[in-house]
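Look for subunit A in each of the two complexes below; its partner is subunit B in the first and subunit C in the second.
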Partner chain A sequence: MTADAGAKAAALADAAVAGDRLALARLLTAVENRSPIAEAALRSLFPMAGRAHLVGITGPPGSGKSTLVAALIAEARRAGRTVAVIAVDPSSPITGGALLGDRVRMQAYADDGDVFIRSMASRGHAGGLAPTSAAAAAVLDAAGFDLILIETVGTGQSEVEVAAAADTTVVVEAPEMGDEVQAIKAGLLEVADVVVVNKGDKPGAQRTASQLRAMLVATAPRDAGASSSGPRPKRPEVLITTAATGDGIPELLAALDRHRGLDRVGESTAARHTRAEAHVWAILAERLRERLHDDAHATATMALLDEVADHRTDPYTAADLLLGALRSDDA
Partner chain B sequence: MTADAGAKAAALADAAVAGDRLALARLLTAVENRSPIAEAALRSLFPMAGRAHLVGITGPPGSGKSTLVAALIAEARRAGRTVAVIAVDPSSPITGGALLGDRVRMQAYADDGDVFIRSMASRGHAGGLAPTSAAAAAVLDAAGFDLILIETVGTGQSEVEVAAAADTTVVVEAPEMGDEVQAIKAGLLEVADVVVVNKGDKPGAQRTASQLRAMLVATAPRDAGASSSGPRPKRPEVLITTAATGDGIPELLAALDRHRGLDRVGESTAARHTRAEAHVWAILAERLRERLHDDAHATATMALLDEVADHRTDPYTAADLLLGALRSDDA
Partner chain C sequence: MTDRPIKVLIAKPGLDGHDRGAKVLARGLRDEGFEVVYTGLRQTPEMIATAALQEDVDVVGLSILSGAHMTLVPRVTKLLTERGMDDVLVTVGGIIPDVDVEALREAGVAEVFGPGTTIGQVADFLRANARPRG
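Let's turn to the complex of A and B:
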């Protein structure tokens, strides 16, 4: 990185921490583009992060996640907290512009400096979603937001992992969804700290909540022998909300706080450790990928990949050859 | 790996190639569990793979992907081809057991040795979905299947990437889906070689097809200057099918063949190269991950990750320290 980029990074980071929202937005763009500025800024901001409550919100399309996010923002603001949202969701009104009602709700905060909303593309991140969203969360955390909501659609592996790496993971369901969506549910429950049955004014909300509680009870008890990499320690609470009217939202915010309290006393570091590992690993992988495609290696790398594409070399042999090439540089 | 495991791998691989379906199933289980047997078997099977047509099928929940897969199996069988299916889809009737009708349709092939159906969990793969599905496809390819269909739900990054790494990628839509699903569509079109408007007997199918064609025309022309890593070379065809009745399915199979023909003459290696890169990269990443957690490194790795979790070390510094530790081993 040039000295100029370093100076620019420091200036952006300082301004973002001091409350300059335009600088914050620029820094997040740098993070999303993986510019050298982002790395320099993150190195300096990182020690200031670690105070925010990171809440992942995931669920199938149609469960009303975005309306729930809008309602949580309103509730948190009433409680005097600052809120940032990272929306990694192709069906989000923020990203995709699907639902006019929600978009209007979000625009209510256009002039509120204590609410910051950012959409992130869910595709096209070479190293996956995790590093970009983790870096964006660290920037918002360092910038002093109390509550950071990370919204993802709960049907893809990367998207679920991003939400599940938060301190508290909320899985949003809705009553009486189609069979296909029902099948998606079961996999999602594994990552939940709090389960929300949204659209609680629809028929069947109570029954859906009862079914979910029964499903959660039927799984093995999770409060014994949980290791840092093991399952979540507490059986999740199941709440009913109607995000469109605000019903149940104060109770949801209280449940999030309760989970954070539990998390801090008990298995506090599990989620943070997982998040740190994903973040570090993604950076490490990106460094290696860059080296394999740099001037010294690109030709040999491409030739080897062509051999694999033509089934002349198997991928295990190719991986070992590439590792060998990297090592011989260092010898 | 022990000599015993090596012998077992060779025996399983030989039996799978010779047509033993139980051996094939066991080998795929080994692939999914990433057992040492899988690596040994894949090394020996890999040169025999490369002849099958790999077709990725993706789309939002509710578009009828699984019914379409069932209809494609029937059509390909009528044409005398052997077919294997890898279903990486939490909403698939194969994986999730959601739709009784489709499940019955699939069971029609229980006694047909020329159809092989395998579901794969879409979550819990430490290194991502790509390596497991690529390895499974290579095994089925070596086992001699003509057509390999890889079904994924098109709302998650990993899932879309898995389908998009096939020789031919089919994006399935349905008419008049909800706004949230509409928003998902746009992102999916980027990876399509063939677009299918399924449920063609529903109102609005023709209009949906026209809209999709207009969206595809509106994007930049894709037949000029496409590099091996660039966008797909041809504008995708848009077809209307009614998978439940079989309408349009012969035309779809013909379109898949046409795309493969194009692919073979022109930008033939793009998809294969991408697939090879993802496969090799995933193996390389897994090798590194194992080393960082082996007896020699695990303690230092965990301590460093704890420092990142507590925001005492930034993730870039941690990544560089871990890379340094790996290098010093080799010196």
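Let's turn to the complex of A and C:
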């Protein structure tokens, strides 16, 4: 990193923390583009992050995630809290382009300096978020927002990545989206701290909520006690909301706060540890990739990848050889 | 560092409800590889400037068919400048009489696209004139 990038990063980070929204927006762009100034800024901002409540909002396309986010912004603002939103929509796997349409539902806050909404394209990432969503959340956290809502792309059954990025994960379902068997499949519903049946004014909302409660809460094993350190199924609260009218939103915000209270007491020290591990692992993987493509290693790395592509070397052997090459550097 | 796609805000200021053109363009630019933020109907200039700033877009495309462009467009460009976004490319599409084009350019509009413009022409113009930042 050049001294220039370092100075620019420091200036942007200082301004963003001081409340300069343009600096914050430009810093988020740097993070999204993984520019050299982003890493320098993230290093200096990291100690200031960790105070916000990070809430992930996920669920199938059209279940009402964006409308729910808009309703949560309104409720949190009534309670005097500042709110930032990261809204992820998919990038085209063909052109790399994206249509980011979540703001359509979040129009009412143009004059409110305590609300900051940022759309992100998923840029080829498949887990429901963009590759840099967690880093963007850390920047918004350091900038002092109380509540950070991370809205995923429309998800199916297994895009559980948001649970690692958020303190509290909300899975949004619409009425009549499936029977009880859907509710006991592994995957998305398992990572929910709160399950919301949105569009509560539609027929079947009560029945869907009852089925989810029956399958997720009543059948989940009770707390196995402090002696059990293994992973335990969550026992999510199941709520009904009508985001378009605001019905059920105060109750949802209260449920988020309750979960955060549990979280702070230590229920999910393990979850925070998991998140830290995932974060460090992702950076480590990126660092390894960079080193294996630097001037000293790029030729050998590419040759080895060619061998794997041609089935002359198996990928396990190739990985071991690459690790060995780095180890001999360090010796 | 990888080059990011050019990020474009497509917005409809004012009160006309004709958003088909804006949606077609948003979709078309998506297919041309742009990241398009679509904000929907009935935007105030303040809403557009706020969205442009928070999203840190490279381009703001305004679609107007109501005839109110001489009121709305200069307010958007003025707000963008006031908020430090004077390096954002602003374009206008819709029904704009020829006699107004020069005044819009003086207000900071880079190009006016009328009926019959193809998606490809818009995309080429944006690629040639937008400066991806950051």
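The criterion applied here is as follows: the second predicted complex is superposed on the first by the 273 of 331 C-alpha atoms of A that agree within 3 Å, B and C clash if a C-alpha of one lies under 4 Å from a C-alpha of the other, contacts with A are read in each partner's own complex, and residues count from 1 in each chain.
One rule holds in what follows: contacts are C-beta pairs under 8 Å (C-beta built on N, C-alpha and C of every residue); 3 or more make two chains touch, one makes a residue touch a chain.
Quick caveat, the model's predicted, so the values are computed rather than measured.
**Q** Where does A:Ser35 make contact in the superposed view: on subunit B (first), on subunit C (second), on both, or on neither?
**A** Touch status of A:Ser35: second partner only.
**Q** Quick check on the superposed pair: does A:Thr132 touch subunit B, subunit C, both, or neither? Answer first, second, both or neither.
**A** Once the two structures are laid over each other on A, A:Thr132 reaches no partner at all.
**Q** Once chain A of both complexes is superposed, is A:Phe116 in touch with subunit B (first), subunit C (second), both, or neither?
**A** The answer is second: A:Phe116 touches subunit C but not subunit B.
**Q** Is A:Thr169 in contact with subunit B, with subunit C, with both, or with neither (first, second, both, neither)?
**A** In the superposition, A:Thr169 touches no partner, neither subunit B nor subunit C.
**Q** Just checking: does A:Ala25 make contact with subunit B only, subunit C only, both, or neither of them? Give me first, second, both or neither.
**A** So A:Ala25 only meets subunit C here.
**Q** Who does A:Thr241 touch here: subunit B (first), subunit C (second), both, or neither?
**A** It touches nothing on subunit B or subunit C.
**Q** With the two complexes superposed on chain A, say which partner A:Thr208 touches: subunit B (first), subunit C (second), both, or neither.
**A** It touches nothing on subunit B or subunit C.
**Q** In this superposition, which partner touches a larger number of subunit A residues, subunit B or subunit C?
**A** Subunit A has more residues touched by B than by the other partner.
**Q** For subunit A, what residues appear in both contact lists, the one with subunit B and the one with subunit C?
**A** 91-92, 95-99
**Q** Under the touch definition given earlier, write down the residues of subunit B that touch subunit A in their complex.
**A** It is residues 39, 42-43, 46-50, 60-62, 90-92, 95-99, 122-123, 125, 128-129, 134, 153, 155-160, 178-184, 186-187, 190, 269, 272-273, 275-277, 279-281, 283-285, 287-289, 304-306, 308-312, 314-320, 322-323, 327, 330-331 of subunit B that touch subunit A.
**Q** Going by the contact rule set out above, which residues of subunit C touch subunit A in the complex?
**A** By the definition above, subunit C touches subunit A via 1-2, 4-5, 26-27, 29-40, 43-44, 46-47, 49-51, 53-56, 83-85, 133-134.
**Q** Which residues of subunit A touch subunit C in their complex?
**A** Residues in contact with subunit C: 21-22, 25-26, 28-30, 32-36, 91-92, 95-101, 103-104, 107, 109-111, 116-119, 121.
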